[in-house]
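First the structure, then my questions, so here it is.
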């Protein structure tokens, strides 16, 4: 089909912006949920809906990538950026679903802190992604990537202190099993945010 | 060496068919095993043998990929398809080995259901892979990929209900630790089946 | 910037050598630590420092890769080799940090054996990486890669026997949770060593 050589106009920047803003919404929803005494069915549904919207956005990017001949930056980088932003969204949704499944009671101070770090990270990412349109923003974007790296380090420390506290205070092994999993999954959201930042850095370096 | 520019004839489609049929065998063996009261040494050996045959097939594909100049579709897609089909096989083998190691007693109704979903998924994949030879099959292949996606969603729900049941009924934390791991690994077999389906879709889109 | 077309001389071989030697140091430090009755703050700091040095080396390789036009082998292979060697280092550091966090008492005979296998694997890798400069070393390098594969198989068996022993002897579920995680993470160090060996094989095959 010739259509793949003459694609309809598709603005990757716009789509990445939408995906990043969806991630900001997801983090806000996540932060609200972990501050409550339990995960209601309604709350889980809302989180899931945001995650599905994110899926659709990532899918649209992939779909256009496959059909587009000329892209503003490396195909592989576009693919990875869309994928990784989607994964952050997935992780928040998984944490919420698992907390409900395990009937865990909140608010848990460690989860509130995880939500805070994730919220900060996705806000910084959203700014960096918006900046990709113009190389004049390079220095600010690189600063943003460093900031995401710092938030990931804080996430590592938070997971460690949360696990230490858990093993010291919680004597019921079943509760230990549940919370340990939740903390470890929550921390991976920040790991993937760091991958997103690396991906953005790599796009910048190639454009420079 | 010139030989890499003039490779011996190698039919990737045939090899992918063989790998997919090996996966169908693996799933059938897996389904038999989880229906028994325990994993015997003999059963584990049979599962392992199928997995090793799968390894050899994946290796043969990779080996020819490295030596072949012209391929029927993207090199990266060939690499990934062989790898991911192999991983589904690995996961079934891991589940069986771990069930034997943990001396878990069967048949467990949830595992029987996992085996059923995995069997359906690899059968659908096998049909889709066979169809890749001819673009006339495109619509049927795309339908097959959607079906694998649906089976993966059922796998997610099955894992969730299995975990919920486990935490409600099983009071021995050691048993909880063992079965939780088994269910979570089993579900990843369906995740990887979905990756295989995505990979097949991506091959189709590029050919279209 | 023109600079990316006229990069300063950068010898990837030298940098991979440095990274491999750093990995040898990391394994030696890891082996010392698991032979002690507990992980001291000092020991953890030493392990972390080696890991940070490894990070810097991997980063330097990535950075030059992005700026360099002509590379001695596939860009993707360079990227992966640097990444995977770094990951082996990360895993050892994670095991040590987690052992300290969990206040686990040593020396544990299984961990001593894991450290032995990892030490052997990274020594073999270091030799193979050094050999990449000259295709005359091809046969020795391929032998080294097979050896790493064998060490990984031994690692699988060690993890299985360690888990079996754990579930048989340890009656405290909390201890089971902690040690199970440690053994499973330790084994992944050998998995990644095998990935490194595959990566080296793939580089060789393409050069042949």
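The letters A, B and C name the chains in turn, as written, and every chain counts its residues from 1.
Everything below uses one rule, namely that contacts are C-beta pairs under 8 Å (C-beta built on N, C-alpha and C of every residue); 3 or more make two chains touch, one makes a residue touch a chain.
None of the values given here were measured: they were computed from a predicted structure.
> For this assembly, give the contact graph shape among line, ring, star, complete and other.
complete
> What's the call on chain A versus chain C, same or different interface residues, using the half cut on shared numbers?
different
> Quick check: superposing chain A onto chain B on C-alpha atoms, how many degrees is the rotation, to the nearest 5?
120
> Averaging only over C-alpha atoms, locate the centres of chain A and chain C and give their separation in whole Å.
It comes to 28 Å between the two C-alpha centres.
> Taking each residue of chain A in turn, which ones touch at least two of the other chains?
Expected reply: 173, 177.
> Would you mind writing out the residues of chain A in touch with chain C in their complex?
160, 163-164, 167, 173, 176-177, 180, 202, 205-206, 208
> Can you tell me which positions in chain B touch chain C when the two form their complex?
1, 4, 63, 66-67, 97, 101-102, 173-174, 177-178
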